[in-house]
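Pasting a structure here, questions to come.
Each chain carries a letter (A, B, C and D) given by its place in the written order, and its residues are counted from 1.
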Amino acid sequence: METVPETPPEATGAAGIAGAGLTVPATAADPVVLACYGVTKSYGGVLAVDSVSLEVPRRGLFGLCGFNGAGKSTLFNLLAGSVRADSGSVRIDGRDATEWSAMRRARSGVARTWQTVRLAHGRTALDNVAAACLRDPGQWILGSLWRPQAAPARERAWAALESLGIGHLGARPVDGMTLEAQRLTELARALVGEPKVLLADEPASGLSATQRTVLAEALTTISADRAVVVVEHDLDMLTSISEHMWAMVEGRLAYSGDVETFRSSPVYAGLRGIEQG
Amino acid sequence: MSEPAATDRGTIESSAATGPAGPAAAAASPAGSPGAAAAHQVRRHDPVPLAAAVGITIIGGLVLAAMNGSYLGLTVTTGVGYAVVTTGMVLQLGYSRQLAFSQSVFMGVGAYGTGVLETKYGFNSAESLLAVIALATVVSLLIGAVVTRAPGLALALATLLLPLFIYQLATYSSWLGSFSGIDGVLPFWSGPSYESTLVRSGIISVLLLGLAAGLVLRVMRSGVGLQLMAMSEDERLGESIGVSLRQRRLEVFVLGSVLAAVGGAVLASAQGLVTPDVLSESAEITLLLMVFVPGRKSVAGAIIGAIVIEYLTTSTSFISTNLGIIEGIILLLILLVEPDGVAGAVARLLGRRTDRWAASLRSWSAARFRERGGRGARGGGNGARDAT
Amino acid sequence: MSEFLNLLAAGLTSGGIYGIFGACLAVWFRVCNVLNLAVGDFAMLGAIGTARLVQTDHLPFLAGIVVDLAAVGLIAWLFDRLVLHFAFDRGAGAHGIVGVFFYTFGLSLILEGAARAVFGTDVYGAPAIWSGPALAIADFHVQRAGVLVIALAIVSGLVLWAYLRFTVSGRAASACGESVLGSRIVGIDSALFRRRIFIVTAVLAALFGIVESPITGFTYLSGPTVSLIGVVAAGFAAFRRPGRAVVAGLVIGVAEAMLGGYVSTTYNDVLLYAALFGIIILRPEVLGLGAEPA
Amino acid sequence: MPAGAAALEVESVSVSYGKLVAVESVTLSVGVGECVAVIGPNGHGKSSLVTAVAGLVRRGGTVRAFGETLPVGSPRAAVRAGLILVPERRHLYPELTTRDNIMLGSYSRTRRLRARQAWEDVSGVIDMFPELGRLLDQKAGTLSGGQQQMAALARAMAAAPRILLLDEPCLGLAEAVARRVYDWLGAMTETDMTILLVEENPAHAILVADRVVRMYKGLVERPEVSSA
């Protein structure tokens, strides 16, 4: 376990913020695709994320765990750009993305899902996914007169649903679906744009044990050719599928390393509540 | 949210358990209808918008010709003018849920623009129409650039204030003819007799309506339309899938406003004069009813609604005197009973039939799934790559 | 100096009008996240109704007021029972931002139409409650009705503010606006709060119409303008703070009067709208308009 | 522990949304001081059952609390009978302070009081959830999931319940936090508090429940006695 500097490697002389985070050693083979350096965010005096630094290699499945309120979701928001950091920097593919909007980050390959299901009601799963995979998302609205991108987008969307085993639900309105089907639809929506990184926030919450295993398999296959960061409270599931673990405690990155060491770490014991009994 | 699960639990779990065996599940499941999905993708060219445009022009033209310049014809032409506005509102208020109350303002821009250009600067109707479109585009860009920064409720309120001071400005300004307005607006296409002029101009108006409807339908059914669908549901979601909220909001605002201006121009040329009434709150109210009663997401509904309501308000004195009460009651009934308006109810009735149609496609598409579904399970994106 | 003082008096009077309607809108919006666009029409019914009862039906003034207010309360109750009940308790009908505007908007249309059918189109003013010549302190002149307006505005603003600030019931009312289910599980009857406060604000608006009508006079069409003025004032108070709405209203009124007096009389309310427009656009979060109501 | 007289009796209760039947004539009774857990996969009507018992959704059948029949569709009556629901996903009042959130739990008793008096009346519940102490003046919307769950439980306790309905109390909670919730629940079962617990995860339910029933497709399967 090596420490990551509070400032991006090349940004020299920038004043390092106290409290170094920990991260995966990024090799030349697996360059860093998404990284944050000393990001900090506080809400009304409460420090939600406290100078966290981590680097996400190009492929693999990475687990992020911690108590509620440890700042996992906030960290996701900071990485995905829906929340601006008070300080620190975010880098996507080595470019400084700190000031980028959520839209620009999404277009440059950062996909995400939320704890709660977010789908367009009354519309089919197919349309929900297709909205996320236009070849030219910034197309001028009148451009759609001579180049409506709907048909090819639906093709891609349908294939993505297929790949998660719910292609047969494509033409179904999302409202009537099971929670599992809705979660898989959201997953398809996140993946259909061929993202470089997928930030999955509690993808299995509310799912039954069997459904969780299905989802776990899906996530594993997905992580074969991209980076997947999963926030999850089910530590057994998380440690079984992740190849690297991050743990947050009170807004700070308290652990970063491989799964075996994690299982024997005090943080793990704390999360398990072993000391309580 | 978890309750409806009971309906299709069987389906989803069978498929989930057997991961990639989507096809089997699909073929097996009674409810899942990949047929419809596949059918979507096969049809690369979407005929509906063009068909609508042509259909509206032809039918409308024939109707107006049949009325042959009667007073009814004039009413219908006026209704067509409103219909152009409401068509834009379907995209803006209905589909994109951008609750802006500024249409009457831009209707005024169109009407007064036409009037001023033709009476004071000697433009002919074609020139003034183009000029008005350009003017509306610029104005709506300027206003839209400001108001579309605001979130939903704020935007609604900001635009709620617009008609107020625009109306004041128009009535104060003698240049715009204050309360009496501007007289002597040219018809689109004048003929030898009053009747023929009315018919010809009517046909032009209908053509404009056809274009407007085709444009709106095309946008709503395009990929951009899908983006609008997503962001109208949830803006955080929208930006997370790469939708530029600022851009789309502004585009929708401008499009809606320009169509409103065109509608205003149609009104002006149909009636031959412009009065401040186009700017009044009541005009905005009538427009909202024309959209919400037939169903705020249905272009056809908005067009029919506009013409019918215009007819009712002008034809019978009983309605025109008690307009307020009637409008209010209808609005409340619609909101309570069928928020999607009459069109919503109709759609629900037709829905069953389309289901049957989809079912007939199922067997065929299931085969199509087998030949290409297999690889699906390997790696999230791969399937998508194969598809394209 | 005297000009300034008289402008101030006029400004405070019209400001009181803005403020009170703003307060009525704000407190109800806080409870059920709906803007009461009919509040002006209730004021109109108050003014015209009382005027008719007293002048043509020759009721004693006080009786006229009582009967009229009772009628307004009844109308409000009926609307809640026949429309809001189904929309918000039975979950029928349109919701979200459409519901925020259009239910009360429909009511406003109906009330105007009815008023036109019953009262016709001429201008009414209820008799003055506190008649007599304008009060003159040195060269500072203020109409008695104006004094009533300002007093009533400040009092009702204070009462509403205190209610929300200090009582459990007030907190419960706010809770209804936050989470209907969350309030019902602890035994708060959100429907009851919605109905009560709707009726109270309707009656308050009507009473205010009566007090104010000697100054301006009402026609069946006065409603929407008044409602919009209320929306403006409430807008300056985040749509949820009745107390702040009254203060905002007074400030707006004075500013408007000063603009009218020293700058231009024709466009002063244009400037007023422009001010709110600016705030809505530049600092929506200040007005608590960051997100759409659930 | 042996159940005494039945505190909560649910007789052939059924819930349906339009055509869809979510709960199909469910009958079960919970003795005074007993803790019964309803388990089963999602979407099989567990939540519908408890929300119906709390009078939040229209239902068929009868619900009795301490022998008193509760009118259909009146949550207030249920609250007055001492029957309090802690709903799935908490449903706090995000813009109000944590203090107000907890204080409003006591609404049915303190509705006539001033806010400060009401708070003094209920502030005792904080001792059960010490971590809320420093968050009292924070808006509930800014609390973390675990803290919100604690606040929701505190709000329920402020209502001085005799019967607690808990719907997925650990949904989305970290294991140790969940464990704390369950430790607290365990302590509750030692008192004469009657608890009906909806839990998707049987392992959790076993920890505290005297009895576990399983719902599948809107029906209660035959009760089996748990190891606890």
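Structural remarks
FYI, contacts are C-beta pairs under 8 Å (C-beta built on N, C-alpha and C of every residue); 3 or more make two chains touch, one makes a residue touch a chain.
Keep in mind the model is a prediction, meaning the values are calculated, not measured.
With steps allowed only between chains in touch, the distance from subunit C over to subunit D comes to 1. When C-beta pairs in contact are tallied for each pair of chains, A-B comes out on top. Nearest to the common centre of all protein CA atoms is the CA centroid of chain B. The chain with its CA mean position farthest from that of subunit B is D.
Chain centres here are Cα means. That of subunit B falls 34 Å from that of subunit C. Our note on geometry: subunit B versus subunit D, Cα centroid distance of 47 Å, whole angstroms.
Contact with two or more other chains is made by residues 42-43 of subunit D. In subunit B, the residues touching two or more other chains are 2, 4-5, 7, 9. Taken residue by residue, subunit C touches two or more other chains at no position, since every residue touches fewer. Contact residues of subunit B toward subunit C in the complex are 97, 99, 146-147, 149-154, 156-158, 160-162, 164-165, 168-169, 172, 281, 285, 288, 292, 321-329, 331-332, 335-337, 339.
Here subunit B touches subunit A in the complex through residues 1-2, 4-5, 7-9, 11-13, 15-23, 25-26, 29, 31-38, 40-41, 43-44, 46, 215, 218-219, 221-227, 229-230, 232-234, 236-237, 239-245, 247-248, 251-252, 255, 358, 369, 373, 376-388, going by the rule given at the top. On the subunit A side of its complex with subunit B, the touching residues are 80, 82, 101-103, 106-107, 111-112, 117-121, 123-124, 126-128, 130-134, 137-145, 148-156, 158-160, 162-172, 175-181, 184, 187, 189, 191-194, 206, 210-211, 214, 217-218, 221-222, 224-226. By the touch rule above, subunit D contacts subunit A in their complex via residues 41-43, 138-139, 142-147, 149, 171-180, 183, 200-201. On subunit C, the positions that touch subunit D within their shared complex are 165-172, 174-175, 178-179, 181-189.
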